[in-house]
Amino acid sequence: MAAGAARLTHPESGAAFPPPPLDARPIDRDAWIAAFRTVREETERRAAPLSPEDQQIQSMEDASPTKWHRAHTTWFFEQFLLGDHQPGYRLFDERLHYLFNSYYVQAGPRQPRFMRGMITRPTAQETAAYRAHVDRAVSVWLREAADEALARALPILEIGLYHEQQHQELMLTDILHAFAQNPLDPVYDARWSLPAAQASAGQSALKRGITQIGYDGHGFAFDNESPRHDVLMLEARIDRGLVTNRDWLAFMEDGGYARPELWLNDGWVALQREGWEAPGYWRREADGWSTMSLAGRKPVDPAAPAAHVSYYEADAYARWAGRDLPTEAEWEVAARDGLIDDAFGLVWQWTRSAYGPYPGYRPVPGALGEYNGKFMSNQYVLRGSSVATAQGHARVGYRNFFYPHQRWQFTGLRLADAGS
Amino acid sequence: MAAGAARLTHPESGAAFPPPPLDARPIDRDAWIAAFRTVREETERRAAPLSPEDQQIQSMEDASPTKWHRAHTTWFFEQFLLGDHQPGYRLFDERLHYLFNSYYVQAGPRQPRFMRGMITRPTAQETAAYRAHVDRAVSVWLREAADEALARALPILEIGLYHEQQHQELMLTDILHAFAQNPLDPVYDARWSLPAAQASAGQSALKRGITQIGYDGHGFAFDNESPRHDVLMLEARIDRGLVTNRDWLAFMEDGGYARPELWLNDGWVALQREGWEAPGYWRREADGWSTMSLAGRKPVDPAAPAAHVSYYEADAYARWAGRDLPTEAEWEVAARDGLIDDAFGLVWQWTRSAYGPYPGYRPVPGALGEYNGKFMSNQYVLRGSSVATAQGHARVGYRNFFYPHQRWQFTGLRLADAGS
Amino acid sequence: MAAGAARLTHPESGAAFPPPPLDARPIDRDAWIAAFRTVREETERRAAPLSPEDQQIQSMEDASPTKWHRAHTTWFFEQFLLGDHQPGYRLFDERLHYLFNSYYVQAGPRQPRFMRGMITRPTAQETAAYRAHVDRAVSVWLREAADEALARALPILEIGLYHEQQHQELMLTDILHAFAQNPLDPVYDARWSLPAAQASAGQSALKRGITQIGYDGHGFAFDNESPRHDVLMLEARIDRGLVTNRDWLAFMEDGGYARPELWLNDGWVALQREGWEAPGYWRREADGWSTMSLAGRKPVDPAAPAAHVSYYEADAYARWAGRDLPTEAEWEVAARDGLIDDAFGLVWQWTRSAYGPYPGYRPVPGALGEYNGKFMSNQYVLRGSSVATAQGHARVGYRNFFYPHQRWQFTGLRLADAGS
Amino acid sequence: MAAGAARLTHPESGAAFPPPPLDARPIDRDAWIAAFRTVREETERRAAPLSPEDQQIQSMEDASPTKWHRAHTTWFFEQFLLGDHQPGYRLFDERLHYLFNSYYVQAGPRQPRFMRGMITRPTAQETAAYRAHVDRAVSVWLREAADEALARALPILEIGLYHEQQHQELMLTDILHAFAQNPLDPVYDARWSLPAAQASAGQSALKRGITQIGYDGHGFAFDNESPRHDVLMLEARIDRGLVTNRDWLAFMEDGGYARPELWLNDGWVALQREGWEAPGYWRREADGWSTMSLAGRKPVDPAAPAAHVSYYEADAYARWAGRDLPTEAEWEVAARDGLIDDAFGLVWQWTRSAYGPYPGYRPVPGALGEYNGKFMSNQYVLRGSSVATAQGHARVGYRNFFYPHQRWQFTGLRLADAGS
């Protein structure tokens, strides 16, 4: 699979991820330990530039504090791996269970989401101790557990790693949002930048016919990528490249944010409520537009892909251009067959597919069944990956999803001409 | 097309609807006049049981006053037919333009939706005069316009008739909602009842293969039913009949409204916010459940189809049953091929298809392009028709749509087992 | 007492009000019947220009439908007079109890205030029947009850009459607000106007010393006017006349609505939230300002008293002028001693006194104790009366009260220089 | 003046406060420096037990982060003292001006109040540097400024000290509120407790007559305590002691929170909206009630004064007891004449006086005129001081004020029988 080269600020720590396939025998305990350590360290590496104050705040209900991400990912292993699979495991602090459960109703009551920023204790330092406690326990277990027990629990460990990587992405998008509330324009990493798009120009043709999308059984996938199923592709065309800031400025200059006929009704309501007149974080300066970035406030780079646009904006842009957003099936087939560039590592790409279950989808039983399935309404699918996505996390079949008004993620778009 | 037999309270006035095909030549002016009169009279017939007070109120932002429906449908003809196509037409009162435009941004500013109930003047009686003025003008024009001019404008007349029929349905659902706010349980029509379901038991099989859905070019269709396009049907099964109140009571008794694992996340939020514990209008009585109906408050009839359920409830019910809602394509094919019963005339049926554009859909230019296209986000498609749907309005290809939390329409469900 | 000559649109029906003193013996039954009839007829006279639709709507939570006022005042007699004092009285319709109780918690549950406009049945016509039923019952009782029983209940009858007069004022202010929501600017009475102020210019001096304010035991008074008590008057000055629109325009031209330093903090918040830039109902026209009135939209009359201003605006105006609003004691003493003009019949006058209990005040026991006492927080006292006040209702000691942001009443101001 | 002995957790640093009278000559520069240092050190002493995370959060709009209090009090000296009075003073960082202005409209735009918790930079440590910078500049200026310049600016320095002491109280009440949101019940100071009341039982009589209240010209006072003016005292009685938790439990057991007839209308609305069933921070435990305190969660002490009650609750309690709250004049005279105990150092005491201007009050010109005057609506006066009040801050004439629904301060009550 031609997964995207992650282009993070710092080099990540290496090749230990992804871990071996679940069915590989004998179990390569060292490889699993290395994968676990790789992921856990990356979280701490992302938190390292942040002060205890930075790690504390929740700048909106959609976002979470850095410290919460660090603790919640730890809770995930404690709750679902150690608690369920390691007899005699002793909780670090039983009171943390309530605080760091995110949304698993079946795992018990939890701190209301919008109150995550109110929890000053445990501190960032105490959170580090919590992480170390769980890291030790998992490592010991990986070395000492019986083969059979290990085999039963490895799927939980594996989902925990991918889960933590998802939160690694949110750590960056959430702190960017938090910093954007501060008139001082704080800097997360002065060397950071969103790379310019690399695509060749032009379009690719998608051929008519029945093909399959969804999880093919190799490697890891979340449950929402299953079952693999037939889809009918109509003839269509898809752009090799992403929409850039240069393109977006043309849309703005043509009155894109002032012409209701270009917008979905709900989108126009959102535009008026939020006062949108440009992508998220953009600000009009004396000499052009600036945008807030992880390196602080910077001039908008015309060659970089448009980012921090909502689905509503992406849809309005496509209507203005007389074009369409691709469906998620079109995107997946195009990416699989090498028909598009910049699929990974820059910005997630909105599709025009509402997020719903694949035909015959059933969530897994128990609390982990809440992972994806219960969010299958009112959201849209995004494909690809972004500059903030962890190394080894991106996949052709990956289904990301957000509400159509949300734009604090690294979200952009590529255009298509709908099949017929 | 096996269109649904509408089962309205009173017999409607007859066979004058639908009008002749648009391309029929010579133009049968009498038939068009009869169709126009039929539709316009049905609106007044539905308003007749209501006092001026009843016609005044707007009981929530989603609903509109009866009087507003009567005036807005009239404005539609005045704005798009007489104003644009009848030279020298004199507006009844130019100030009504602002009041009775609904959501056509390109037709100018308008009374905010949530303020529709604030307009006491024109009164119900003055609204009747407005209707008579426009009726006369349209009738004269239908008799006297030159053939060519008539031919150009007939598509507008036709859409105006279907538009008014849509509002006829809303008149009933909106007044039911308004009456449900009144502890006196007012009666719209004492003879009214939601008929019991007529379906045979059992399921039908849907065969795998490529087929087409959407508007086939015969008769009338809204723009959102085009273009007709290929779809891949997977093997699936669909129930012949609707879910009934008896079924729904079993869901309730099994804790359906108290088990979050059965619900979409947004649905559970809606349930808690609204305090749902039964379908809309249901109330727990000493000896069972009652529901508010157009005949006043009545005991729940176990044999009647479940009605006034939101998409969230329909989805939770399906999950509880280990089943699926059908896609809109599955529904359309099943209805077309006679594989289901009670498709029309009882309750609209939620599908699991998010409301979006058919591949290649483009709205028509101008204000009428706002009719359907701009609502294509965050809503779900319903198929069939309801007991409140006007005679001649239902079609196999008809795409109705509402937000997943809404339940003041006559909305129910049938189950399927998703294709694979 | 130099009570204000009410200047209503139509002449009221005469001299039958107020009724005889409660302790007059023998009880003059005819006089009580005449007073009752006078008040009840005035309510109907005020409703007469209004269509059933006009009488239906509630244009904001603070206002109530005309029909509701007609029914609620009737319920008051039914609940507190007939129900409690006339053995064997048969309720017109027991279901109305819930609908037309306003805020008497001890009289049982009631229709939520903001839902008063949702009640289309009983209709305006049925409400007239309700009124007639109660009118008959009260009249018969006034003729036939034993002297002793009558004497016990006359205080309730008397408060019911004054209560109904309060609602007569609200009927006019509420319909004015409702009509102001309608772009058609409906007319309640084409001959209506707010009279120009009649005051002589200049100020009166208030002398230092101890005096008494509050109910002196003669005639009727609400419980909040008791107990009569000593107050210390400081030396002060008070204007003979009211602030006029001409004055107010000078305030506006001097940036009155744009200078936060002139405003209370809560007032500035209200100004920004509501978008105030002029008194209520004012609108900028090509050639000056218009205001909505009971005679429809009219040019602002510079000589008329400023009206529809909130306490916050009155306070800001006084600060701008380097002056003060009077206290309620200053106002009462000045009115009693003839030191001011236009005290009655034009606009209520904001005082700088927060509405609270007089020293030693205790509400009467039972539901009628909720009449005034429970509102003694967060409101300000207004004194005098307005053009909408019923004939015979105004008194020197009358304590009206509203929240400081409210301005749909006929509320204005006169200035003073605070005592010291 | 028998000012209250502050009973803070730790001993404060001594006798250097208050500073010398403003008109003392020669100016005792050392005494002023000592007073300045005393106040500034007390702020840091109160912040010392708190982690950077604790200092970061704003747990509701009414509260502010510890760090913000530390920075805002510093800004106050920088803005009003150094900026206006020390030529050539160089701002620590000009961007902080926007962040740490609280509500001084005339001092320019500022960070919205509800967003104070979003500012992670400057960090707590950088805030310490800001404080040190300003401390040095003020100390140097106090040593080196010319006598005349110093004399002109000392009133600003003095108000700045009292201003900072006000924020010292808020630092404790705000962190208590923040900690109360955390299920872990964090501890600010394990040795802290609210002392038991010390009062003798019984009542004192207040004699009828004219007396004066307000600032008598000696020592410091805020502008809202002027002008001193005559008031008429009616005969009344006032309790020597405070209402205790034991008293409050009796109120609760008698249905105090369930009987609307005991409550102001706005108070009952607040009770229902907030779900009040006990004072703030109380929680029902298996064996009685606990309350959140600065020492963590503790059993309710029956002998301690009732605290964290709103005005609405205090008012309902008084009504239940058939008693009154005192007016602020009654309180001031009683405290001045030694007629009450526990006036200071336990809990602020609600009076029944709405917060308004004393007769003839005019705020000082300029931004400092916004200090008190613009809040004179919708709030109630509290008198005395609390366990959290800084040493040397309490005064007989002190007018504290809060909205009637607020209860996160150390607010309690004493009862009276209103004068007549």
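Chains: A, B, C and D, in written order; residue numbering restarts at 1 for each.
Keep this in mind: a residue touches a chain if its C-beta (ideal position, glycine included) is under 8 Å from a C-beta of that chain, and two chains touch if they have at least 3 such contacts.
Here is each chain with its UniProt name: A, B, C, D = Sulfatase-modifying factor enzyme-like domain-containing protein.
Since the structure is predicted, the reported quantities are computational estimates derived from the model, not experimental observations.
Any chain bridging chain C and chain D, meaning touching each of them, is missing here; the list is empty.
Summarising the inter-chain layout, the chain whose CA centre lies farthest from the centre of chain C is A.
With centres defined as mean CA coordinates, chain D is found 46 Å away from chain A. The geometric centre of chain A is 39 Å away from that of chain B, both derived from CA atoms. The distance from the centre of chain B to the centre of chain D, each centre being the mean of the chain's C-alpha atoms, comes to 60 Å. Residue positions of chain C with contacts to 2 or more other chains are absent.
Viewed as a contact network, the protein chains form a single closed ring in which every chain touches exactly two others.
Each chain pair that touches appears in this list: A-B, A-D, B-C, C-D. Partner chain D is touched in their complex by these residues of chain C: 103, 105-106, 210, 227, 229-232, 234, 236, 260-261, 263-268, 311-312, 315, 352, 354, 356-357, 359-361, 369-370, 374-378, 404, 418-420. Of all residues in chain A, those touching chain D in their complex are 51-57, 59, 67, 95, 98-99, 111, 115, 117-124, 178-179, 181-184, 186.
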